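Across the two complexes that follow, subunit A remains constant while its partner is subunit B and subsequently subunit C.
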Partner chain A sequence: MTTEIQLRNLQKWFGSNQVIKDFDLTIAAHEFIVMLGQSGCGKTTTLRAIAGLESIDEGDILIEGEPVQHLKCSDRDIAMVFQSFSLYPHMTVYENIAFPLRATRMAKTELDAAVREIARVLQISDLLDKKPSALSGGDMQRVAIGRALVRQPKAMLMDEPIGALDAKLREQMRAEIKRLHIKQGSTTVYVTHDQVEAMSLADRIVIMHDGKLQQVGPPEEVYLHPANLFVAQFVGSPVMNIADIDIGSAGGGAEIRLAGSDKGFAFGEGALSGISRDAPVALGIRPEAVLLSQSNAKGHLPAVTTNIEPLGSHDIVDVKIGDQTLRARTESGFVGGEGQEVWVNLDPEQAHFFDRESGLSLRKAG
Partner chain B sequence: MAAVQTTSERALNKVAIISVLIVTIIFLAPIYWIVSTSFKPRHLATTVPPTIVFEPEISPFVKLTLRRSQLREQPTPEEYTAAPWWERLVFDGGEKIVRSGRGEVQLSGYPSRFVNSLIIAITSTILAVAMGTITAYGFSRFKMPGEQDWLFFILSTRMLPPVVVAIPMFLMYRVVGLNDTHVGLIILYTAFNLSFSVWLMKGFIDEIPKEYEEAALVDGYTRMEAFFKVVLPEAATGIAATAVFCFITAWNEYAFALIMTRRDAQTAPPFIPSQVGSGLPDWTVIAAGTFLFLLPVAIFTFLLRNHLLRGMSFGAIRK
Partner chain C sequence: MTTLTMTRLDPQSRAARRGMSDISIRNLFIIPTILFLIIFNIFPLLYSLYYSFTDFRASTNAPANWVGLANYRELLNDPFIWTNFAITAKYVIVSVAGQVIVGFGVAMLLNRDIPFKGLITTLLLLPMMLSMAVVGLFWKLLYDPSFGIINYALGLGRFEWLSDPDMALYAVAITDIWMWSPFVMLLSLAGLSAVPKHLYEAAAIDRAGPLYTFFRITLPLVAPILMIAIIFRTMEAFKTFDIAYIMTSQPTTEMIAIRLYKMAFQEWQTGMSCAFAYIVLIMVVAITNIYVKYLNKVKER
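Let's turn to the complex of A and B:
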């Protein structure tokens, strides 16, 4: 399975509503691509267009270099796992897995061997005689994945395959999907709105918003160098702090003043190179780069804690500086309670600057 | 549920059970009357008060199925002993069986009417359900201009009382030569049931998630194959329910059958009451005809009861 998938300039309208806009993407063979975005952003439609379940209005979909946008989905040799699992309720697990093979009129012994092999890999051999309604959610999803893999398709498409499971099972299945992908190496396109899933599974993440591709890149790149405000706020939990700022100069460097605050944080001049000081600029800073201190150290500004979320391994602390609130990540128990005075500094290395109007990142990646 | 019941709850429960029993008895009484009358000797059929306990006999069924006429003179003892047991039953009732020149027993009008009913009801049910299912699938899965208007139009064919169209239909059928033919009634009943079948099946097919077919499509099947291998098995419950309703409607239909048929294609519903008017009615024979007429619907419904009661087999899909 060394299938490359290319999407070239896809356009898709539902009535007057354009759901896919100028979509370009090349998915390399063996790659695990995760399409991430809010519901209604066009990610599922794009996936269904690759499968052939949706038509596209313009553009090309190439599988192994061949345009397939005019082919029926049965002729594209692609497998899909649905969020709803979609196991055929009137068939046993065995028949469900054998179903795609029956379409190819495969010989009986060969078919039986293929079904049993995939059941062994997915550890569902003892479930083969059961009906889907007798299975747990995780087992249903294993069967659905088995049904997709058994045919050894050119590519695997997964539409929020574990979205319907409970949190614990989701984590388990996530690991299993990763293990399976490493083992089988099939080109996979995976759709989710859960950024943790995206970060943990993807070779590259494709972030979509309003039918438009926002950023494509490996998880760490997307996390460390978000291309725009949307990506910055969509990836990472808790959400990146975004604050309106004024940039002044102090000493040899720049001073970042949060709107409504008269004092600023001193950033070295290098941190702001290439950034226009005239246009409205927004500062993006992740909670782990908001550094709290119990005492007034150099460069720190005073702030008041307004809310604390103890999460066990760490706390999320809201602090108010001027009239802006920043969320900071601290070790657990670092701040005693609300209304306490603390000292805040920002890590210039992890600061992002965005054009307030276009939303684009003002800093070059890398 | 809590295991403890208060005294008043228990009393209420008893009242409910007794009420249900009484209602059931009231509903079943006419059926019991028909069934019991069809096993009664003729002189017990019209007694007042009705005879509850009697020795059942099957002479009404023999008389129902065979052609017979009044005895002018009593059969000789030789004739009587030579006759088979079922012919003796007819002799006992003061009648004899009509035989052809070659001595063959002839059937009465009832068996052929019964067979007509079966042919017409079964064929029209199959047609109405098959066409209804395909049409409903189309409406359920594909967008088409004026979908709601079409659905309303289909339903509107059901709003006209059948009697209103009976006379024009009769005249049209006369022109094309469909009066008193099986095909004529089959077309009529199919058309009559189709709107109902489309609407009922659309409800059932709407309930089947379209992901099933999409899964089959990406699994390498054509839409047609997906329809037959995935949608139809899932719709079995709906098909069974629709078939039962269509069959009952076609089986019981009276008005069209009365106007459109006379002999060749006449069904049982217009035939049974026609026997009431011919001479002194033998109520046991009419009851026997009615009882036999009840059976197919009862059997059909009984055979499909699992499908009717099972409900949709969800559980394999997460919503």
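Let's turn to the complex of A and C:
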């Protein structure tokens, strides 16, 4: 269970369509890696390539330093949990969990002890005699995880394991997976398109887009320092505001003018160091860094609210400045309704700047 | 009641303009079928049940005398009849087992992406579409000791397939296997393609070998549909007549259907043969019931 997995320069084509491009990643032992991306970004294909269910065209997959890309999945000693659960419908829960042990001819008493222990850990001991068709979605997933964990594999792969469950159960299973990982400490690669799952589970998040690795890092780093526009907009809810800007100068500092607006926000020169004034630049700012005020304070710009989403704990307010709409996060009930005049400022500390052409981050906000 | 649940006849329809009502149309469809069933199935069934308790002979004008259970008693005490049953049982087991092994095996081979899969499947189904009599006659030629292609191909010289009393039954069974394996193959293919691919992936991840996967995943999941194929083939093999009758006349190939034919139409023991037919019917129903019970057990998931 202390397995390091290395992926070196993976390439994979489906016909003329390259689904994995120049993929490099080292997964440390005991690490919980979450691969995050939209559907079709190649994350599941990468996972299946690690498992051995999918061949790769170029590159190396190393498990414990040994290249395994030419081995069958049965020789890689890796367990996997599928989105569709893939329980054997004609077997009881006990037989399902025992299957990987029976397949490798484990002795009966040892097998029985292992199955019962894992059932106890997953709290499914009273379901052992049932068939999968008689189980709820959450229990089916517990059985699937049990089947994967029972033989203590070198690594665990999970392909959207809780994607088919309803919201409440998802939250519960998320906590359970985290608890299990802490307890078992197995190297885990987890694929999902749900960023909340990624943020809450991962030691490191791997963000993929269009077959390419976009950014690898701990959740807070990915959130606070997105490497490019794609990551910036993919991680975080509500989505980060992206606006085209002009950078001017005003009285010892810089002025950020949103496109289509004649007035700008004053930013200290330090916040803009090293950013070219000539190339097209996009501003990225998360809703919590868009500050609304009911009265005109220094540096604030007037704006009109266009939409309000009351979410209970907080509101998401859309404000229009010039041609651009920014989304701001406010305490609930801060703005009464649409069409109101409010004053807006931005937090320069939490502002991100991206090169419009390459999409790359120009400065890492503090 | 029935008229209430029935869709009303559209008053504008052609049938309505000809003065037909819902009920008259319903009768038009149902009555011919029921009459047909009564005349050709139910009446002979009951009539032969009556004859099975008499000493009636269709070849004479003598009136039928009621003999009670004498026919049944005599038949069940006749050792020759039990030989016929033993031969039939041997034939059923050999032929059905052969068909399942060959048919399921071919289905396994076909259950993957291969070029011309549809064409190959269709060609493999051809034997099943031939007439039994034609198959029997052709295989008689193929088995021929002096010019048959089978001896020639296998280099067996003048091996007597059909005149050898020990071999004849197996020779007939081989013909039956050739003819009906495609039927088992077709049903198995349907069953195999219904096994979800992700289960095989899960089994591969669980480090199950090919044999373990076959016996623990594939076979149990195909079992219900395979059972249906076996039920059909067992019933058919049990009443085999034409192939065996055409190909050989060895006493070792005298299955119950042939014995029954001889009893009824060569010895003209009509009453006795009716009783015999009823015994066979009861046996087939009993065997089928065992299978159906097992099928329902397998289907429970």
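In this text, the second predicted complex is superposed on the first by the 363 of 366 C-alpha atoms of A that agree within 3 Å, B and C clash if a C-alpha of one lies under 4 Å from a C-alpha of the other, contacts with A are read in each partner's own complex, and residues count from 1 in each chain.
Note that contacts are C-beta pairs under 8 Å (C-beta built on N, C-alpha and C of every residue); 3 or more make two chains touch, one makes a residue touch a chain.
Nothing here was measured: the structure is a model prediction, and the numbers come from that model.
Novice: Should the pairing of subunit B and subunit C on subunit A count as a clash or a fit in the superposition?
Specialist: With subunit A aligned, subunit B runs into subunit C, so clash.
Novice: Can A:H300 be said to touch subunit B (first), subunit C (second), both, or neither?
Specialist: Neither partner.
Novice: Looking at the overlay, does A:Y88 come into contact with subunit B only (first), subunit C only (second), both, or neither?
Specialist: both
Novice: Classify the contacts of A:R8 with the two partner chains as first (subunit B alone), second (subunit C alone), both, or neither.
Specialist: Touch partners of A:R8: none, neither subunit B nor subunit C.
Novice: When the two structures are overlaid on chain A, which partner does A:M140 contact: first (subunit B), second (subunit C), both, or neither?
Specialist: It touches subunit B, and subunit C stays clear.
Novice: For A:K130, select first, second, both or neither according to whether it touches subunit B, subunit C, the two together, or no partner.
Specialist: Neither partner.
Novice: So in the superposed three-chain picture, is A:T104 touching just subunit B, just subunit C, both, or none of them (first/second/both/neither)?
Specialist: A:T104: touches subunit B and subunit C.
Novice: Could you pull out which residues of subunit A sit against subunit B in one structure and against subunit C in the other?
Specialist: On subunit A, the residues that contact subunit B in one structure and subunit C in the other are 51-53, 72-74, 77-80, 82, 84, 86-90, 99-100, 103-104, 131, 133, 147, 151.
Novice: Quick one: which bits of subunit A touch subunit C in the complex? Just the residue numbers, please.
Specialist: 51-53, 72-74, 77-80, 82, 84, 86-90, 99-100, 102-104, 131, 133, 147-148, 151
Novice: What part of subunit B is in contact with subunit A in the complex they form?
Specialist: 209, 211-212, 214-222, 225, 229-230, 233-234, 236, 313-319
Novice: Tell me, which parts of subunit C touch subunit A in their complex?
Specialist: 196, 198-199, 201-209, 212, 216-217, 220-221, 301
Novice: Within their complex, state which residues of subunit A touch subunit B.
Specialist: The touching residues are 51-53, 72-74, 76-80, 82-90, 99-100, 103-104, 131-133, 137, 140, 147, 151, 157, 164.
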